[in-house]
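In the two complexes that follow, chain A is the common piece, with chain B as its partner first and chain C second.
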Partner chain A sequence: MQGNVLDITTENRHLNGVMRPALIICAVMAVIGFGGALFLANTTEHGIEYLLETYLVSFAFFLAISLGGLFFVLLQHCTRAGWSVVVRRVAEAVAANVWVMAALAVPVVYGIHHLYHWADAGAAAHDPLLAAKAGFLNPSFFIIRLVIYFLVWGVMASFLLRTSVAQDASGDPKLTLRMERLSAPGMILFALTINFAAFDILMSLDPHWFSTIFGVYYFSVSIVAFLAVMPKILYALQMRGVLPNAITVEHYHDFGKLLFGFNVFWAYIAFSQYMLIWYANIPEETEWFLKRQTGEWATVSLILIFGHFVLPFLLLVSRVIKRRPLLLAITGGYVAAMCWVDVYWLVIPEFSPGVARFGLLDVLCFLGMNGVFSAALVLRMRRHSVIAEKDPRLEESLAFENA
Partner chain B sequence: MSNAAENAKLYGYLASFDLVDEFLAAAAKVRDAGYTRWDAHSPFVIHGLDAAMGVKKTVLPYIVFLAGLTGAAAGILLQWWTNAVDYPFLISGKPLFSLPANIPVAFETTILFAAVSALIGMLALNRLPQLYHPLFTNRSFKRVTDDRFFISIEAEDPLFDATKTRELLESISGRSIEEIEVHP
Partner chain C sequence: MSATYTNAHSYLDNTGDDPAVRAKLVVGDNDFHSVTEKVCGVVERPQPKIWWVVFAISSSLTLVLLATIAYLITTGIGVWGLMVPVGWGYAIVNFVFWVGIGHAGTLISAILFLLRQRWRTSINRFAEGMTIIAVVCAGIFPGIHVGRVWVAYWMAPIPNQMSMWPNFRSPLLWDVFAVGTYATVSLLFWYMGMIPDLATLRDRAKTKIRFYAYGILSLGWRSSNRHWHRFEFAYLLLAALATPLVLSVHSVVSFDFAVSIMPGWHTTIFPPYFVAGAIFSGFAMVVTLVIPVRKIYGLEEIITARHLENMAKIMLATSMMVGFAYSTEFFVAWYSGNTYEAFTFMNRAFGPYAWAYWTMVTCNVLVPQFFWFKRFRTKTVLLWIASVLINVGMWFERFVIVVSSLSRDYLPTSWGYYRPSIIDILTFLGSFGLFFTLFLLFIRFLPIVGMAEVKGVMPQAHLDRPGHRGHGDYHGDIGGAEVLS
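Presenting the complex of A and B:
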């Protein structure tokens, strides 16, 4: 309705009261998850190798969520969006979590010789293709590139978060203009870095295979995963009395619409990659899909088609779920789980042809990383308000309605 | 206000408002009085007007969804009939009827059917295009594209009563109510 914009100073805008229980839950998850995973890995044959592989899955998944947050914030500034101001601070914090992902990248680098076939100096000696690619695919350049990616993402995310927090105190609208101006070149940097990071971290698992759309594929995973977890984060905050009135059904509705749209985008990109390779039918390209439609992986491929595309499409196409925060949070959690299965499907067939060996180790490793990621998010958000308090478009966002 | 011909029929009453808040409150009162054949006119989009008028949710999404499904089925059928049945044509060793190759065309026909039905459905549900409307005969109504808000109640509304409806509109607008006539 017109004329009765909420006064946000009446809202609870800090995590003070809810922080301790949240941190305890996160810590328990991290300890049980990583502790249990390490114990299980040490007591089973090939356990450490399996752990490294599933660790890469969860690492790429949580990195995707962070990068999705970074893209979202950049996009809001590029488009001068008004509706999203009340939820942007949470997205900024998710994006800044990319620093935690940088630390969590260490085990991937540690396991480089197991995870990446090209990292074996001996492999290149017998393989002319690997020898030709050795100038790019070698351990030291790989690590240098990872450092560059994380620096670019981290600096951008920190800049956006810090500038926004600085505005909480000063209310200076020039800061908004500054973020807008830098977000456009930031978007280009983001596109380049996520593209090459996807090539390095995931595509090079099979160093013989190549797909020019693969970077876009990983980008679609990242934005879908981010949009899928956001309603859940917001709902959890509101249930604990944070921003009870500032975030309305209208904001959830928009997340639902974006999630629906980008999930279709994911399917579009996935099919675009598949169809060209299927049509051309060149062995050096088709072998990647052959692995994923042989044995149990064929079932996982079908689960992705129906579980990741068809079902979420039907669930989110009407406004019924999009306008009910709890249902949207649950649906989002389901779509996020499907995104994880998608990353699993990208990684594990390279190590386990024919057998989709999903088990306790995968769950524990996911739990552990979820605990660390969530704890870092809570600790980050503790330091400031959970809403961009003096953003010039805050009123527009508070009064926002889907026409 | 009008010197209508003998055979002119009453179309309805027209009330005008200066402010958005008055206008929304008035719409809510007309809604609560139970009228069904009435409309609110404004120069721009007003958030909350749909709720104030008690406008029901449109059925358009269901029409579009069904049209989209029809489009997908039509696209698949078309390719099956043309390539696998009527004129079998082998392309790069693929099966005559194979789903991956058919998806792009099926996608396009889905979008085509859905988009066209959205446009035609929207026009049909709004009874557009409508080149003439009795309200256009009213002089003051021209300000609806500039700085006035209007509520009109049609004489065909089952609750319409020449005096009671006039009194209702006068009580909520505080101004004189205009009669709109239809000239057959």
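Presenting the complex of A and C:
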């Protein structure tokens, strides 16, 4: 149709063997990370408890990445986006990793009695507030809800990935229509599940505290974390000769723009939550922020303001970094790290008031989960082409330019 | 292949789904000249009878507004239905209602521009005009609510010999800044985007007055390469600056409520929830206005069925966001274990204002559900009715928030039931008069479709060529700046 559009069949579209070193690194990370963390936890006092807590941080962080991927894919279909077709398959794979997160949720359920104060049956007896919520906050209903969330996410992600892969063979544009039509109601399911998942997994760590925006906050974490890691994944693929020409600087530029925009969105949501609670100054709400501005946590809060908002804002506002894939990948990695700090800041103050005891255990646990998550992603992407080969809008995506 | 997906009822139908084909944004046998003819014709030809009829009605209503304001100022706030405990009534409801409507324009012209939604070109001028006018209507209400309007300038932080300053801790003052900034930037954006089209009107002028009026307004625009280059750059910059404003205005408006410790007001989801509601109502108003206008002035080939369908989809999406916020609030009111919060929500749904609450839910959440079906998105009559109902629902949303919370607060002895006075109702109706009067004048004197932008997304602009798929609105070969890659 168009003269100078890239012929996709000339590209290397499969991970045949090129990812073996990466897989080995992932396996080593997983073994050293989880193994080391377990060893360390067993040999220190309260080690297992600390491990459970930091495990929840990394779990919520990697879950956020896959949910961000799921949202991204749903959004591309809802808006009939053209620019993103060449990178959508990778996002679909990230989203489908939510199944791995379902498996990784087992230790959270195992540690429910340590992590969630409300899971302690005796606690409600002395606490009328917990007793009132017991119909919602109880272990069996919590587990049922987790199963429902993961089923909803997993089925949606698998459907989107599988339909897209099926189109690689048939090229049937009706499959695109099918995905578009189902993505709209899918978006509603997504909004409901991520909202309640955020309430369950993170907000209920302090079962007395409540904030209606909390689900939106976790959503903003998830989309920022996803957009932050995407340039890194794409760059890693291109470095190994996969899709060297199909993914262009224009796609990186768009990821940079979206990352900038959603990072500001995160700050907007975080500010809204803080401002309203601070201003109204009601003890039952401020206690949550008081924990986070007491002792060392005050420093972490400042790190978030300057490190998660101000610095990425300054870095990403100009096109200099956005149009340089390596720099964008590095900046994205940094923003992703800040997202992890954000989740850390959501979780750990509940267990360790005043002391931000960041240490080797946190790093090992993160590495372990990173190894499993990344290995699962590579293994998934190996099964099919890494680009939606016969998407009707592929040419548009290949040819598009930011003016 | 495209025949499989597009139904060929009419050449006006460009709502086909074929994913391999981007829909035409201008249908029919149009070229650059015919677009100019059609859009300029609205301004240059005598106005149809219906324009005069509506203008007569709306300008009369404007007089009602002026009369009620005069009565209010000479008599006092007591002419309104305000009472203890409901100290905020229609005026604040109307303020939030109009500011909300004033959100679609800048969203379309700034955010949709950054998101490369080319279809925005046909409707952005129209929506921006509506935005400015809605903000004018909004500004009246807090202005007259201050009681002594002759000292309303005290809201501005002007150094004075009394060393008297506004209360910077008050969200009402933040509103002054937020709405002021928004109005300024929206006005600039609107005007700047209009300059090329004003120049077109100037060049076609047949009378001296027209020539000089449009000549002055078009600031010496000559459509040179350099002009276009700077224009596009300024447009991009203003779009980037206006984008956060779209969110900030209604966030600050939501602070008016949410920073207080009033049950039903103090909830952290308010800022994004208000923004979603504002976009929802703004699009509903655009649809309400654009359907008759495109019909009367024969602009169906430029503001096409697809534009209406897209707006219906945005209304569906924002309706779901608003419904999501309603249910989250309800859930957390229970989850929080806060008796007052839980009471407020039960009271909204089943108390004395239940009629208003269920009107709101019906119009804002149930009615838009019809937009899941293409028939409702593409049948203009149904779409128009739905958009009017959404406007009603969004007014009631603000009514529910303001009045139901205030009428029954912590102390049952001070509960009351608010009823608007006739002056309240007339002032509100009068604000519609002002809105429509200004809007009709806008149609009469200014280009209601961004001609230069629409031309940029027509096939004649060759945007489908590789290397021309960028921002799409201006870039490419408009203004003779064609560079083939």
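Everything below uses one rule, namely that the second predicted complex is superposed on the first by the 401 of 403 C-alpha atoms of A that agree within 3 Å, B and C clash if a C-alpha of one lies under 4 Å from a C-alpha of the other, contacts with A are read in each partner's own complex, and residues count from 1 in each chain.
By definition in this document, contacts are C-beta pairs under 8 Å (C-beta built on N, C-alpha and C of every residue); 3 or more make two chains touch, one makes a residue touch a chain.
Given the structure is predicted, the values throughout are model-derived calculations rather than measurements.
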{"item": "Clash or fit, chain B versus chain C on superposed chain A", "value": "clash"}
{"item": "Partner chain(s) touched by A:V106 [first = chain B, second = chain C, both, neither]", "value": "neither"}
{"item": "Chain B versus chain C as contact partner of A:L129, first or second or both or neither", "value": "second"}
{"item": "Partner, of chain C and chain B, that touches more residues belonging to chain A", "value": "C"}
{"item": "Chain B versus chain C as contact partner of A:S318, first or second or both or neither", "value": "first"}
{"item": "Which of chain B and chain C A:A191 touches, first, second, both or neither", "value": "second"}
{"item": "Contacts of A:Y279 with chain B and chain C, given as first, second, both or neither", "value": "both"}
{"item": "Chain B/chain C common contact set on chain A", "value": "2-3, 275, 279, 399, 401, 403"}
{"item": "In the complex, chain B residues that touch chain A", "value": "20-21, 24, 45-48, 61, 65, 92-94, 100-101, 103-104"}
{"item": "Residues on chain A engaged by chain C in the complex (per definition of touch)", "value": "2-5, 78, 80, 82-83, 129, 132-133, 136, 173, 176-177, 180, 184, 187-188, 191-192, 195, 199, 208, 210-216, 257, 264, 268-269, 272-273, 275-277, 279-280, 282, 284, 391-393, 396, 399-403"}
{"item": "Of all residues in chain A, those that touch chain B in their complex", "value": "1-3, 271, 274-275, 278-279, 281, 317-318, 399, 401, 403"}
{"item": "Complex contacts: residues of chain C adjacent to chain A", "value": "1, 5, 17-20, 22, 114, 116, 244, 247, 251, 255, 258-261, 266-272, 317, 320, 324-325, 328-329, 332, 335-338, 372, 465-472, 475-476, 485"}
